[in-house]
Every structure is written in structure tokens, then in C-alpha cells.
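Below is the structure I would like to discuss, written out as C-alpha cells.
Chain naming follows the written order as A, B and C, and within any one chain the residues start at number 1.
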Amino acid sequence: MSKIMKPIRQTGIIGYGAYIPKYRLPASEISNLWRDGQDENFLPIKQKSVPGPDEDTITMSIEAAQNALKRAGTDPQEIRAVWVGSESHPYAVKPSGTVVSQILGIVPDTVSGDFEFACKAGTEAMQAATAFVGSGMGDYALAIGMDTAQGKPGDALEYTAAAGGAAFIMGPAEEAVAVLEGSYSYVTDTPDFFRRAHQKYPEHGNRFTGDLAYFHHIYNAVTTLMEELNLKPSDFAQAVFHQPNVKFPRKKAKDLNFTDLQIKEGLLVDFIGNTYAGASVLGFTAALDKAEPGDRLLLASFGSGAGSDAFSFIVTDRIKKVRSKAPDTQYYVRREEKIDYARYARWRKKIVMH
Amino acid sequence: MDIPRYWRLRNQRYRLEGTECTECGEKSFPPRCVCAKCKSDSLQPFRFSGKGTIYSFSTIYQALDTFDKDIPYSIALVKLEEGPLITTQLADISPDEIKIKLPVEMVIRKIYEDGEHGPIQYGYKFRPVLNK
Amino acid sequence: MRQTAIIGIGQTPVREHWDYPIRGLAVKALRAAMQDAGTERIEGLFVGNMLSGALAEQEHLGALVADYAGFPGIEAVKIEAACASGAAAVRQAVLAVASGHLEIAAAVGVEKLTEFSGKFSSKALATAADADYEASIGLSFAALNALMMQRYMYEYGYSKEDFSPFPMIAHHNAQFNPNAMFRYPITKAQYLKAKPIADPVNLLDSSPVSDGAAALIIVPLEKISRFAGKGVKISACEITTDSIGLDNRENPIILAAAQKSARAAYKTAGVLPKDISVFEAHDAFSIITALSLEASGFVKDGQAPRLAAEGIYNIDGRLPISTFGGLKGRGHPVGATGVYQLVEATEQVRGCAPDKLQVPDVRTAMTQNIGGSGATVVTSILEKI
């Protein structure tokens, strides 16, 4: 059996857009409050992005999607599917996708809904959008990976749980800035990290989340993808892995024989934190921002629970025409205003009054 | 503001949809029933670009009860590039950065959250133009 | 149309009247005015009020007040025009008498803002603004006034302290008015240090939340001799409107409705701004005082703070304003304010204002009652008979 997934109609990314809120919480703020600064030499990242008090997954999805639309040049009315992947949808019941569709002018001729698969909800939406366009059900589909992740105060995850993400308009290969060569998904039931219904903060299995979850799933997804497409690491100009911290994606790249240079463009976690469903896709938009026509790019997400989506894209000439039509990913990475823990605690509703 | 009004206003709040007079070309936000200039009732929807400059501003330290949890927040009258003024909250700006004539652009943000149980209302705010 | 006169005035002190219901306040002021007029009957009642429904859960004030005042059966309605409700009710009473429809009418302004044990609902007051495009996105009245003040400062190069004369005049005068809420003076230093509400508007720019009622008895001018009260001629009472949304105005720092209303009043009364010896301004916020003085033609646009600094609006100045403390010092019981202004102007014309507040030899006094951020304006001119 062939494991690779390829749509009947050749499909690709015709527009992409990033969004990261402007506020940053330095890891030292968390360290000083909860550990007296004693772990300052072992911090997982320098700082993380924090959404403004008036931002959420819906508002951030809109800006990323507007950037994607600017690059795609598509009439919003021609988009026939809108899928938002997130673990922080503002509503438990009521889709984020309908608000996004209404605001972008995509309604009413569209399917729309939300995906949840921890940090791979965004790439899950991309798989679905590819299938939708690739099967000919519609010409264009919008897939978004976006989160405003919350870590329990004082928990190891608080250092990294961040906000941001990216949007992709999938469409026919002829219009693409990056054509999909093939994709593959590897999924098992692995309870490495979860959040029960009605709970604000997730639980995680500490070391269990490493080898058995993150490394295992990405390894299998990426090696299968490469085997099936008959590719080797050196065939890729850049590779982007899910990035919960700086250490994991670096180790993963090494295990898979990718060089540090090959993961350089997409490794943003040190400056913005782990944006969950937004993390690998933001890394990927950063790689697209720098890619040359003909480059082959690898995108490999990881979602707890657990699974990994791996994609191989080949960049086209069109990238040069559309790149400057919206702010690039590094613009949002560099746009920053540092805040202290007090402001973060107020904005992120860490202070509970009841 | 309860759900029916929020729902009815969604094209204004989400997409800055006003009216344009087919007789004299006058553009209005909010949408008008009769042209404010030539009194014609032949109006069509007009979507504003969402670009403008600050005409006046304030930072709120004592708010309506419904917005009390958001203080301090900043508001402005923004002169839209098509002409009309619009009343709006500002986003991603600290009080000392706000100046009359500052170029701003529309973004979608949460305007109001009706407690823990009610709906979340989204709509336009304006922020300093991104200089990418 | 007949000419009309004020024959009786009445008021309650402006306070937080926790122990009075809205009907009690209204009746108290009305009975005082009837006593002053020397009448035991009225034929019609016009009640100016904005927030009875929202705060006291009581509408239908016309019938309620008529009944509790002892006149069930007479024509009685509530008139609502936000902060201009009071003078708008007076306008209706004047029209009813001038037209010959009524021989004696009462206008009562009443407001009861202290009907909640919790925080005062600024949300209710904000219903005077555009609900869909101002209040529901987070703008209070202070916020709208801040937008006007900021732009005004920018256009004319004023700083915050240039507005200090307005609340200082109000507080100075209020200390001699036994019915005023704030009977103490304030200093410029206090003004500059006051708590910010909506920058640049601070607490001392803002009139207070208060309760109160005031009443006028209005009769045909030619019939004043039948009454015990001292008559004052109503030479004009003109109401005009503007866009409710500040953003929909041609120029947000010009009160176009005040210009129109003042011009109409001067024309009806046959007087000029220079003939006015006392001006009861609608000083809900300092900026509104300046805009009102300018729109009424007393001073060129952008000049009011400059002249205020010279002292011309002081009680002993060329054009005393807010002589009983204005909205800032006397207090601003929203729908009653316009009637308080006319009660006070009547006292000035009669020559019976309290010691230190009486302006010498007042022949003509003017009041201006402003609703919302300037969407309804009522300008009235009273003259000595």
C-alpha cells in the first residue's frame, strides 16, 4: 500500500499569511516570580508572545487570513471552505470559522468549521483543505492554525505557551506559490498532553511527552514521507518542525540528518514561544518568506494525543510576485513590546475574582 | 448590547460598511437612510477602506460599567481617507504614542465580552499602520 | 401667539436624595413653584426627565406627578431630550400657553440618579449618545467630551490649565447657593491634580451625579397681575437639534445646534448677545462651557478660555456665567437641569438671588440647556417686565 497522500488534482498554497501579537513576556519574568530566578540558565526560550487583551484566536486568524488573501489575490467569495485549527477557540460551541468567514466576506457559499488536535490542528486543517481542493469539491480553501495557548501559572509550560499562527489558501497548482508534492500523517493514541473539557489549563506527562510523543511521531511521519517520495534530507532547502522549545526541534533535525542551517529560517520559538497550532505553520511561513523558486520545503507538525503531519512543497516562481504584498513573518517576530508578569497576569485572566 | 443588535450591525462592525449616495456621491458611516448632504434616498452600501488618521483621542480611566474591566483604554475620532469621521477604540498603542494626524488602520478585535457566559462581540478598532 | 411669563419658581436642593422617590421630588418643586406664583391650580404639566425608566423603573411620569401633586385628570406628559429634557419641557409648556390652549401650565424637571445601591449607571446616561456607534463600543459622555476637548486644545493651542477658570467659577458661585451640591471653592492646583476620567477630562471638569427637581409656572404675559408671584417675561425659548453622533458633525468642536438655537432666541427676543447680562451655561464639562459661549456669539471661536482667564465670566465680570454654581457646582440632575437654569435666571431678573450672587441690574438673562454632546439645545431668554 502506498502511504503517501496526493490529491487527484495537483494542489498547492496560493497565498499565506502570518500573525503574531506584539506583546512579549520574557521568560525571566516567570522565572523571577515562580523560581526566584534560580533556573535562569536553563530557560527553554528567551520570551513568548502574548495576545493583547482584545485579541483571541478569531481576531488573530482574521489578520493572518487577510495577509494570505492579499498574497493569493483571490476573491473571498470563491473560497469554499474555511477551517480554523486551534486548541483555544473562544467558544466551546460556536465555530470560529463562521466569524472569520463573515468578516472576510467568504459567506455564505462555504463549508466552515473548527479543528482541534492540540498543536497540529492547523496542519490537520491544511490536510483537509488540500483534499477539498485536490478532489475538485472547490477551487480554494482556507486553512488556519492559530492559538492563544495558556500555561498554568508556575508550570513549566507557562514559559512557552504563546500566541500566533498562520493562514494558508490552498488552490490549484497552476496558481500556487508552493506546490504540494505529497503529504503523510502518522497518528496513535498517546496521552502525552491533554486538557479536559471545562478546564483552563492542560496537563502533561513531563518526560513522557518527549521520546514517546514528539520524537516518535515526527520521526515516523518524516521518514515515511521521505521514503515514499524517494527523498533524502539534503533534497530540502529548509525543514520546519513543531517547536515547543528550542531543544526539541534541534534534536529532531539532528536525528533526521538535517543541518542547523536547514532549520534556521523556520525556528522562531526562542523569540515568540510555542504558538501551539500556530507553531509549525508560522515557522513554515517564515521559510516561505525566504524561499527561492525551485526550493523544496518540509513541514512537520506535532500534536499531542498524538500525531504528526508531514508535507513536502516545491516553491514556484510566483512566490517572488506575492511575497511583499503582506507583512512577512519576521516583521511580526520583530514587532515587539515587552510586558511584565503583572500585565500578563491581568490580560490573560490569571487573576480570578470569585 | 444584546445579540439582535450585534447581529444586525455585523456588516458595519466587521466590514466598515456604510452608504454611498448614488445621486451626489456622499459617503457616510454609519449607513444613512437618507443622504445627509442631498437628501436623496437612493443609497447603496459602501465599504470603507479602513485607513485614516487620528482626528482626536482620549484615554479612558473611568468607563461605562460594561467596559470597566478594560480600563485604561484609548479611543479616537478617526478621519477616514474617504472623508467621514468614525468613533473607535484604539488597539496596540500606549497613551503617550497617540497623536492627532497619526496614520491608523482598521483591525478586528474583541469589543465586548458579555461575562463568562454571554456572547463575544467583535468589531473594528484602529491601530497605528504597520510599517512593514 | 401670546407672549408668556414665568410667574412662579420652585426647586429642591441638589443632593443625593436617598430618602425621596422621584414623584416626591417632582411634587415638592411643583408645590413650591405654585406657592411662589400664588396659584392652587394648573391646567397642564410637562415633566422633563431622562432616566426614570432606566433607573427608577418608572416611566409615565406625566400622569404620576400630576396625580401625586393633586391634579389627576389634567393634561400631563413626560418630555425627554437627554440632558436638555428640562428646558424642552419648558418649551412645551410655553407653546401650550402661547397658543392659547392652556391658561396656566407647569414645567417640572426632575431626575433621580441615586436609585441604585451599587455603582451609578453611567451606561444609562450614555443612552443619550449614539447607542450603536458610540456607547456600545465604550464611549461614555466624559469620553465624548474628551474628544472635543482634545481637538479644541490642538486647534487653538490651549493646555489643560487654560480650562481651570470654568470649574473655579462654578465652585466659587456654588458656595453661596444654599441649593447647590458643592458649596466650596476649588483652586487651580486642585484642578490640575484631579483624578483623570477620560484624558484630558478630569473629575473637576465633570459635573456630578445628583438628584433634584425644579419647577416653573407659566402663564400668559398679559395675565400676570392676577397672580401673587413676580412675573418675568419669557422672550424666547428655542429648541434645535444636530447629529446625535459626534462623528457625524461637520465640525465636532462647533456646537451647530447651539449656534442655531441662540440665533433663533436672539431673533425671537429681539436682543443681541451684548444685551445679555447673565448667562446660565450648560457646564456639564469644562469644554462645553467654552463651546457654548462661542456658539452663542458671546465670543469668537477658540477665545472663551482666554477671556475666562481675564475674569469676564466671574460673578463680578462683564458676563457672569453659572451664577448659582452651574452644573459643575450646583449639580447636574440631568432632566431637571434646564429648569434649574431658568429658575436661577428668573431669580437674577427678579433681583432676588442670594447675597453675593445677585448680578446688579439684570434686565436680560439667557440660559442654554444642552442634550447629549450637543444634539439638542434649548436657548431661553428672560426679560424684566
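The working rule: a contact is a pair of C-beta atoms (placed from the backbone, for glycine too) under 8 Å apart; a residue touches a chain by one contact, two chains touch by 3 or more.
Computed from a predicted structure; not experimentally measured.
A.B. asks: Edges wherever two chains touch, nodes for the chains themselves; is that graph a line, a ring, a star, complete, or other here?
C.D. replies: Looks like a simple chain-to-chain line, open at both ends.
A.B. asks: Just to be sure I understand: the centre of a chain is the mean of its C-alpha atoms, right? Then which chain's centre is nearest the mean of all of them?
C.D. replies: Checking distances from each chain centre to the full centroid gives B.
A.B. asks: As a quick test, compute the distance in whole Å between the mean CA positions of subunit A and subunit C.
C.D. replies: Taking the average C-alpha coordinate of subunit A and of subunit C, the gap between them is 59 Å.
A.B. asks: Return the distance between the CA-based centres of subunit A and subunit B, expressed in whole Å.
C.D. replies: That gives a centre separation of 31 Å.
A.B. asks: In subunit B, which residues are in touch with two or more of the other chains?
C.D. replies: 70, 89, 111, in rising order.
A.B. asks: Where on subunit C does subunit B make contact in their complex?
C.D. replies: 119, 121-123, 126, 130-140, 142-143, 146-148, 150-151, 154, 195-201, 243, 245-248, 252
A.B. asks: Give the list of subunit A residues in touch with subunit B in this complex.
C.D. replies: 22, 52-56, 58-59, 62-63, 90-91, 99, 102-103, 105, 326-328, 331, 335
A.B. asks: Which of the residues in subunit B end up touching subunit A in this complex?
C.D. replies: Those residues of subunit B that touch subunit A are 10, 14-15, 70, 89, 91-92, 107-111, 120, 122, 125, 130, 132.
A.B. asks: What residues of subunit B sit close enough to touch subunit C in their complex?
C.D. replies: So the residues of subunit B in touch with subunit C come to 1, 5, 9, 12, 28, 30, 36, 55-67, 70, 73, 75-77, 84-89, 95, 100, 111-112, 123.
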